[in-house]
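Chain lettering (A, B, C and D) follows the sequence in which the chains are written, and residue indices restart at 1 in each chain.
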Amino acid sequence: MSGQDYEVRTDLAVEAKEMYVEKGKQKKGQIKGVEISEKQEGNIRISFVNVDREGSEQIGKSPGSYRTIYSDAIKRQDTSLQHETAKAVCNQLIELLDKNQVKKDATGLIVGLGNRHVTPDALGPLAIEKVLVTNHLFVHQPEYVAEGYRRVATINPGVMGVTGIETSDIIKGVIEKLKPDFVIAIDALASRSIERVNATIQLSDAGIHPGSGVGNKRKELSKETLGLPVIAIGVPTVVDAVTITSDAIDYVLKHIGKEMKEVDKPSKSLTPAGMNFGTRKLSNEDLPSPEKREKIFGMIGSLDEQEKRALMQEVLTPLGHNLMVTPKEIDGYIEDMAHLLAKGINAALHENVKVEEASSYSR
Amino acid sequence: MSGQDYEVRTDLAVEAKEMYVEKGKQKKGQIKGVEISEKQEGNIRISFVNVDREGSEQIGKSPGSYRTIYSDAIKRQDTSLQHETAKAVCNQLIELLDKNQVKKDATGLIVGLGNRHVTPDALGPLAIEKVLVTNHLFVHQPEYVAEGYRRVATINPGVMGVTGIETSDIIKGVIEKLKPDFVIAIDALASRSIERVNATIQLSDAGIHPGSGVGNKRKELSKETLGLPVIAIGVPTVVDAVTITSDAIDYVLKHIGKEMKEVDKPSKSLTPAGMNFGTRKLSNEDLPSPEKREKIFGMIGSLDEQEKRALMQEVLTPLGHNLMVTPKEIDGYIEDMAHLLAKGINAALHENVKVEEASSYSR
Amino acid sequence: MSGQDYEVRTDLAVEAKEMYVEKGKQKKGQIKGVEISEKQEGNIRISFVNVDREGSEQIGKSPGSYRTIYSDAIKRQDTSLQHETAKAVCNQLIELLDKNQVKKDATGLIVGLGNRHVTPDALGPLAIEKVLVTNHLFVHQPEYVAEGYRRVATINPGVMGVTGIETSDIIKGVIEKLKPDFVIAIDALASRSIERVNATIQLSDAGIHPGSGVGNKRKELSKETLGLPVIAIGVPTVVDAVTITSDAIDYVLKHIGKEMKEVDKPSKSLTPAGMNFGTRKLSNEDLPSPEKREKIFGMIGSLDEQEKRALMQEVLTPLGHNLMVTPKEIDGYIEDMAHLLAKGINAALHENVKVEEASSYSR
Amino acid sequence: MSGQDYEVRTDLAVEAKEMYVEKGKQKKGQIKGVEISEKQEGNIRISFVNVDREGSEQIGKSPGSYRTIYSDAIKRQDTSLQHETAKAVCNQLIELLDKNQVKKDATGLIVGLGNRHVTPDALGPLAIEKVLVTNHLFVHQPEYVAEGYRRVATINPGVMGVTGIETSDIIKGVIEKLKPDFVIAIDALASRSIERVNATIQLSDAGIHPGSGVGNKRKELSKETLGLPVIAIGVPTVVDAVTITSDAIDYVLKHIGKEMKEVDKPSKSLTPAGMNFGTRKLSNEDLPSPEKREKIFGMIGSLDEQEKRALMQEVLTPLGHNLMVTPKEIDGYIEDMAHLLAKGINAALHENVKVEEASSYSR
């Protein structure tokens, strides 16, 4: 990827955009071919990144519409906020389906990507267990299908290390038999920010690369390759040691930077930018000047985000210390997130299902 | 099925043959187009039923070679007998592959049929988790593949009630992408004898009907429909209430019959026929004459096996009392049987894998 | 137990009473020291059996108040009826606590008996996972405890085959440390009627014998031995082959008996007695006269319930064919029943918790 | 803990000793009251730390003998090295039992600490499921107990957040009933080095503090408080973000330091000290001089280990970013480690059980 050996891969469009900006290739503000906006729905912030062909080349993400829902409802175990988040998933999914001309009676195939037996990778398989499946009823018992439902089927294709088969091949094989009108794929992602882990949900119509979530790239599944809309729903569940370290160094820099500023200008009102929830105390504005950063963190402090990560990756990876890690509480997080996603999906796909009654189709 | 409303369905060829004989359509002995033999391998009895076109019409099973391994190694928790049983599975599988001209380097797809979350139906999914998968290594890391291994992939297609998709469609879709040379399908079956539950393993090359194991018939997967050998490995894990009752009535009849005989002819040596292992105390020879049976069990006693089952099914089914049941200890049985099958399969498929080292590829 | 070798053990007081009546020791109607009544709450029938010292000797159950809730909400997967059933559990539990002078602020220990890894025996361990636990908050974070809650703790003591320790010893050891004011013990039971399996919930204040549910008797835990009220909540999840067979023979007899009657008196209105839900088609009144029963089922038909079961047990047990079995769908049944019980318990124990919001404290 | 606000807690004695040395309170070499040695057994390094009263005050660990087995057998999925590691566990456990005068026929209670439903905390509960339990056989079926076995029982006391009861109270209650002669407690620990996670096993006779492993301190269980030997077996399974960052900064410093040295003295033979396995490329000797460290990492680089961690903890903890994390592959690691420990324990406790046959008593 453009000659940078240690570029940190990200599955989130908002992060790809940030990285692009950090690389200094672009001043803060607009990137050509990348349209960015944001809105607030109740307690939930949603960011929108639209990438066209040109923008795709700039930030290295496939063209399409990316929507990122920020919510720490799962981490806080806040059931009412979880409910609100499920509604946001429902709304964004409906918008993406509409944008892709998916009709109300179109048949959907929901794909749960990932390995059921690796907890941080089990989000997809667990979520589809809670998705309301109706396709077989339409075929075999149409009399049991009430008004307002559409045909929905699910598949858990497993992972190549377990099946021995390319995941994309399994999905394509099933698509050729089922002939759905659209595909939704749920997957666990890697993030390059620890605070986004289990706290952001990205929906996009830009297609998926099964296996890229926690490993290597495989074959793409997208509107282009399949001829039908592919909506991806992804939640970051892991980060690498480089990310944790880089984040920590950043926080230390901002912390000291803020202390420095407060001496000069004590009554400052915080206008947070980098962080979106929680006890927002440190912002990018707190980052001290490059000179001060060098004083605090030496030559490391003077490196920009990309250079700093590249250096650490260069050191840690050959030592086997650039581990992918996940929070200790991952079992509960994954279980709750699977419920949340299934609630949003069920309510989005069937007119007669509301978010409040949409989960627990567990068998 | 030929006008008989209450015919008890069986997945085991040995049972289909017995039913045919019981129906009185045929004297004990030969059925045209059905070849029967038996052999003993150490502590394990194996029966062979070969069915041709003509025989198929007689006993209602697809043409092919059926091999039934009898072993109560699982029920007894006898690990050394389990090992012996795994060897028998290995040998019979090798014979069936040879009979179907499957070459040593042919690629195999192992299908784990059934519902992972319904314990007595989870045998297939659990067994394939322990099968040694190599296909992706041949493709992506051939340098890691030692001599004596072949390409093996696995798939758990789920069940239609969960995926909404015909199981046979999922399998066919995967076959079209992977293009294996042969298929092995593992499934949990229903038995019409309580003592065969978790104590018999049937291997056959007669094809499968995914979904028929614990529900309705779906589309056939066989050499005829797919153009490649399909080996089915089935283990009965459930029986219905009619079977339990019919077995119990039979045992009572034999028990009383034996008591009656022993009064007449006290020093009789038992030559058991009906039962194949365990504390063999009652045989079909103990069954009293129809007159005596009527005395003991009234008009019910005078019915033959088929009539008795048909009557009970007629009574119990509309009441919702012809439950499918499974032994209380099913969790442990299924776990152990999955290991046993995987050991037999791994050793059969790879020249360099021995039964004693063949399991525990659990991830 | 009074010299009868093959007496069928039952954990349900209603069954013990029936058995007593069947044994002919007592005419239908009153048993001295056993008070019986019944009521209907919406769609749910509840029967009450009060046993005093004298009655205890008659029917072989410890003295106390037994309440049996009949509901096939789980089997039918009827969520609204499950909710109603949880309410009935809540109400009966409140009544039993009141009857035993348990105060609103008394501390409760909820014991989940059984083996988590044996599905039909996992009801207790699964249910307590969903019980709202507050005791540690009262101790360490009283500021987080809202009005209307009491102190509740839970314990899963395991089973002796796994721990090597008498289950009653573990419970007693914990009681001595925690010093609760009352104990609630949840357990899976055996039934002698297949239709009661997963369809009846017995609550009683007569104490428990851990380990007796699916095995041998161990040491009693009761008000008498512990000096504090012990409420047992039991759900039958298994039956033995003798029960299934005996039930089936009975149904056949009633079916034929009904047909006989209908010839004589065709427009008869059914007044069901034996069965309480489902498609109620056969009743005890349909049972033909002993003479007719003998004609239909020979000498077996002429036996009374106890004699019939004793004969079958005599035949099947030595052959190893008196298996304990459970319905094929047991995984789902146990999961749903655990939720139902936890909802009822949580709402009964805490004034501020309603049945509709009482479950899903799953971590 | 003695006025130091940001002291990093560790469960490992070797780490406590390192921290003490790092704090500069002590020159490298001897600490009064702390005896240190090391040995190599085949491919496995074992370190010994003996702490007496005086040493205890110095390094903040209870007095006793601590043995740490270093092995990356689990991470490498190397089954033969896992076997060797199980042997080392067996040997060290035997030595500790002997040292504490535990007789060959003494009764042991094996406690599996932790939360079964939180994967990185499930090591104890999973390990005891594989421990050979014999106590009930000695009591109820002594005829089944062969020569060379001792009485062993197990208990999973759960965690206070789930039971509402102090874990130490549950254990004490059971001890009072069972009256064992010694206790072995298995627990998941926190480490302050990412490379020790799932790669070190600490055995000690210094007692345990249930709940301290992944949370706050509770009541001590030790020879002093219980009057019987308490052997703790602990494996670090989690680290915090501060540790990951601190390790990463260290590696970067060593990496750059090594590059600097190699310019001066190119043909240097590495004498590793800090790391004990894997691709050992960086050692403490590579750490550049404080001046150079400051140049590279600014004022952060000039801080010693303790100060650096304290600063980061001060910054990250209030932001909620000092997460406890665990490797993505934790499910498999925990499963394999539980087997390894159970094999070592079973072989140590029973004379007639060898390491190679000692596991898989899973039910």
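By our rule, contacts are C-beta pairs under 8 Å (C-beta built on N, C-alpha and C of every residue); 3 or more make two chains touch, one makes a residue touch a chain.
These figures come from a predicted structure and were not determined experimentally.
By residue number, over half of the touching pairs seen at A-B are also found at C-D, the match among B-C, A-D or C-D.
C-beta contact counts were set side by side for C-D and A-D; A-D has more.
Between the Cα centres of chain B and chain D there is a gap of 48 Å. Centroids of chain A and chain D (each the mean of its C-alpha atoms) stand 35 Å apart. Taking each chain's centre as the average of its CA atoms, chain C and chain D sit 46 Å apart.
Among the residues of chain C, those touching two or more other chains are numbered 117, 332, 363.
Those residues of chain A that touch chain B in the shared complex are 117, 129, 133-137, 151-156, 158, 160-166, 169-170, 172-178, 363.
Contact residues on chain A toward chain D in their complex (touch as defined above): 117-121, 194-195, 214, 238, 241-242, 244-245, 247-249, 251-252, 255, 278-279, 281-282, 294-301, 311-312, 315-316, 318-321, 323-332.
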